[in-house]
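Going in written order, the chains are labelled A, B, C and D, and every chain counts its residues from 1.
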Amino acid sequence: MSIPKLFRRSLWVFHLNTGACNACDIEILDLITPYHDVERFGIKLVGSPRHADCILLTGPINVNTLPHVIKAIEAIPEPKVLIAIGSCACGGGIWFDSYSTLGGVPNLIKYLKEHGLPIPNVIYVPGCPPKPEAMIYGIAVGWDLVRQKQVHEVKVVKVSEEGVKAIEGLSRELKESLERFKRFLRGVKS
Amino acid sequence: MSSVGRLDILKKALGIGVVTRKYPYVRVEPPEGFRGKPIIDPDKCLGCGACAEACPPKAISTEDSQEEGARYVKIFYGRCIFCGMCADVCPANAIELSKEFELASKERNDLYLVIKVPMVKCSVCGKYFTTAPLLLKSLENVPEHLRPIMTVCPECKSKLSSRFTSFARRVGS
Amino acid sequence: MLWLRLTYIVLNVLVALLLAPLLHGIERKVKAKVQNRIGPPILQTIYDLSKLYRRAPIGYSIASWILISMSFSYALILTLLVPTAFNVSLGFTSDLVLVIYLLTSTSVLMALAAIAGASPYSGVGSSREASLVMAIELVIAFIIGTLAVSYGVFTLPKLLPIWDLGFKPSVLGALTLLAILTYIEGLRLPFDIPEAEPEIASGVYVDFSGRILAAALHTHLLRRLLVTSLFIDFLLPREWFYFKLGGYLIDLSIVPYLIIMVLASVIYAVTEALFGRYRIDAALKLLKAMAIMSLGVMVLAFAGY
Amino acid sequence: MRSQVTEVAKKLKAFGEVYVRDGVVKVVTDEDRLKDLILYMLQSLNARLATTVGVDTRVLTHNYRVIHIFSIDDLKIYVLVELKVPKERPAVRSITPLIPGADWSEREVRDLLGIEFKGHPTKEYLIRRPKLWLEHAYPLRKDYPHSKKVLVPSPQYDIEPTKGFSVAIGPYHPALHEPEHFELVVDGERIVEARYCGFMVHRGIEKLGESRLDIYQIPFIAERICGICGFTHSVAYTQAVESALGIDPPERAKYIRSILLEIERVHSHLLWFGVLFHVLGFDTGFMNVWRIREPVMELAELLTGNRKTYGVNKVGGVRRDIDESKVKKVKEVVNRVRKEFTELIDKFLNLSEVIERTKGVGVLEVSDAKKLCVVGPNARASSIDIDTRRDHPYAAYPNAEFKVPVSDGCDVYSRALVRRDEILESLSIIEQLVSDLPKTPLSVEEVPFKELSEGVGATEAPRGENVHYVITGRSRKLFRWRVRAPSYANIPSLLYMLRGQHLADAPAIIASIDPCFSCTDRVLVINLRYGTKRYVTLRKLRSLGE
């Protein structure tokens, strides 16, 4: 699910703010300014979704913007890419369970599936707001220029040997004292 | 067409020259104290869930599974806002914010860090009720003779204590 | 010799098609350097166009598809008339009228195609494009009129280059006006009002997408190239660069032509980087003044100087 | 200050019971005495309406309450006018006929709490979308769970076609990096009438503040109300809670708060200059100003660990310190920004086409500005001299001298001049505060929690006065939290500025008040350009061509 080969040299990007706090949006504008200058990769910010190849979606997809988000996604010619920028877009951010937001791109994709609408390729760029370099890294991952560092990871907590033995010892001790107490009870009853 | 002003702008612009940083070909090092990706150190983590409680966007969640007898502490980096509250409240200082900020990924599943903490069975009903490291840590400040009682889950403990009191009352009367 | 002329004409069209985006790439690079940043590679506009040509348009109306392809083909015909890389053009009498007609109609067709898009932005964009280009073509018509009147010749190849036909004050005035106009005709910054991106969301182009957008952008770049090369042809003595090779006449005037074109786009890019955008009425005021000046020059030509 | 408060309290006794607590006077009145109380305050006390708060107190006193917050700037006090609203059919008299500035806040209370305002001029919704929101979903009522979505199960996407030929700027317009929506009815290139429909960024911040988050987590949500001026919201919130609980943070925390507030003002104004030049088409100006701004962002990253959301604030103090090496870096960046900014900004501002498109454009008359209770650089550019840092001093501003730039040009150009002087003032404030940081702990030891006490916190955000109103609830949670962001007051003034201007200038005028829509939870929808197909008649084409 990455950016198609067609856009390797020239990626036109449409910025779609679905109710974000606009910290991510000014970092997106920051990409064009001299220090980061994404135009050297051929990335250009365009004014209409029809010219665009990829949507930079920021914000937790506010309920009021929903019709227009769907219209914008439909208006992008195939093949289309959606980059979710910031923790609001990737997982809903602080307002993931608020009454007036959809809760980020994962819920949007579920919503699009339910209504049988086209699903774009998705790339997640977490951060609140993600540094401009993090966004460039996201696009580089999409282009398979760099290896993706962030991988699903499971770490297991190991308990020391004598710890486990201590717990077993204690629970055995408790069981014996319970037995003794039950025998004592039977004795008293009889 | 105030051309004099424009020529000054041109002169100054050319004087400064190109300032673009050639990222990603050049490594960018964030400063000290940068709030990046929170990382849990499995050796120190007790599995107590204090971080899940304090996390404003509920990005950290804990889930006990009785079959595997383990508690899963999951951090979802997609919703994490990198505020550092989890690092502040962790009793064992197991979480600390690294300087890692390149977290882009193509699958949502890659954004999860899962910590598997083994749990302890209750010596009466056999249900898993707390994690092993947490139990060991809390044993330290429990007097010697009371330690065995710590291996009983809260429900059984309340049942036992109620039977004790009813027995004591009967004996007393 | 006929086949040699034909190959030159075909080469002429191909070079024009490739040179237009290349020069635009150079302009974007120079503009970026003035803004202290690295800027895109020189071939960036060619990459953009090649990507856009391969993408299917979405939600377009047939009218805009037809109008845009017409305006693109007009621009191609124009490359046959105006000598760009090689000193060859169809060159029949009164081809200057056709040049003016083609220049005007490419942008009028673009405006009509924008209206077909039925979105308010493209509506406003097309109204701006229509009013702006009318003013510019008026001035170009006067300039070409003065040249034709002062030399009594109405075919383009005979007018080129001006040096052999001797200098007159009216011709000098016309050429300086043409120099300023080549900058404005390209709708560069103070005048890039029809597709003012921040104001009306790339007004004229807002409804095109995929191949249609590629054709529209390519036409726009071609017009820039042709007006600039029209101006350069008047001044560039191409005969000096002919040389004989086994009975055939090889025309090497492409080399000086390219050098001058690159120099011109560098100068244009630097001036474009230092300007904000005029409002439509301010731009029209300036063009009205130029129209009056060019009319004055034409009267001068009639008077015989 | 003590005497003025008691003197005002005595005067207001005629209108209802009066309660006084450190700088906040509360008047509990009823509907019939409301009118002359408001007139009295407007004429003789020269008060200005900050905002209106609707509170669902049915759990406590079986009724709703509507509280109008007035700020009396020259006496440096806040006056709360409280009205009790019956439980069954909640309705109360509206004050919008008296103060046009109250229009939006009253409509918001009606949308989210269902309290009717008798005599309110418009019936239009502010936040709700009839076709998208559930019919009787009033989210701010206590019985409405915070995670119950208001979205109608299957909303249709037909967007209402434009009435007449109107050009909509937004929601996804390249000049505005936020989804806001202005419907400008245009005749040719001249704007005949402007309609604003906002509220697309409404994320239910106040509801979350009451339900899921406790007072220690709320600073992080307060900071994300607005991405550009987030820290002012978090400081305003913590000051509101501190005034409610009666805590006074240590001096060093106040200094660090003020320093970071001024750093945020510098970066926000520089950003504004960049957006203005970009909208005017002068991209070199945009690039240069944002190049000058980059070191400010890196300085914030060094001090707080994040470029934008500083996350340094907490109730009762600050979480991070500014040590010696950082103080040196701050001074170095301040000098560099001052040198580069003063060199270039005057050259950019007197370019002929920049002057021509900003002088005399988007004029807001002084009378209109007063009527609409406009705040911040907009007000100061229309010769209204208000500045919360001086009128209601907070944090470390009492021990930093600075003058408040005011100009009477009332147009986009004078707003630019006011903001330019403010940047230079902020830079000097940062230098003054950083050089003598007092040696005190960073935050209060423990936070005594009092239930059901009110607090008002105000700061001067880059766009204007920012008011937070707080009622504390039980077990370290809030009962009610009201946010009034500066753009909330500035946007209505836009509709006055846009009339009769050129369409090409509309984005410049909109950008001139530096609207921060995520601040005001206010953004809206437009008929998207490919929404409805409509063919232009020839007559319309000609009218376009004039």
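The working rule: contacts are C-beta pairs under 8 Å (C-beta built on N, C-alpha and C of every residue); 3 or more make two chains touch, one makes a residue touch a chain.
Predicted model, so just to flag it, every value in this text is computed and none were measured.
In this structure, the chain pairs C-D and A-B differ in their number of contacting C-beta pairs, and the larger number is found at A-B.
The chain with its CA mean position farthest from that of chain A is C. Chain A and chain C have Cα centroids lying 48 Å from one another.
Distance from the chain A centre to the chain B centre is 17 Å, each centre being the mean of its Cα atoms. Chain A and chain D have Cα centroids lying 30 Å from one another.
Contact with two or more other chains is made by residues 173-174, 212, 220-221, 224, 284, 287-288, 291, 306, 309, 351, 529-530 of chain D.
In chain A, 33-35, 37, 40, 46-48, 50, 75, 93-94, 97, 128, 131 are the positions where the chain touches two or more neighbouring chains simultaneously.
In chain C, the residues touching two or more other chains are 34-38, 59, 197-198, 201-202, 206-207, 273-275.
Chain contacts here are complete: no pair of chains fails to touch. Taken together, the chain A residues at the contact with chain B in this complex read 1-2, 34-37, 40, 87, 90-94, 96-97, 104, 106, 122-128, 130-131, 133-138, 140-142, 145-146, 148-159, 163-164, 166-167, 170-175, 177-178, 185, 188. Across the complex, chain D meets chain B through its residues 212-213, 216-217, 220-221, 224, 284, 288, 291, 298, 301-302, 305-306, 309, 311, 319-320, 343-344, 347-348, 350-352. Residue ranges of chain B in contact with chain A, taken from their complex: 18-21, 23-24, 28, 30, 37, 40, 42-43, 45, 47, 56-59, 76-83, 100-118, 120-121, 123-124, 131-133, 135-136, 139, 147-152, 167, 171.
On the chain D side of its complex with chain A, the touching residues are 127, 129, 132-133, 137, 139, 144, 146-151, 154-155, 157, 159, 171-174, 177-179, 199-205, 207-208, 212, 220-221, 224-228, 230, 271, 274, 286-287, 290-291, 294, 297, 306-309, 516-518, 523-526, 528-531.
For chain C in complex with chain B, the residues that touch the partner chain are 33-38, 270, 273-275.
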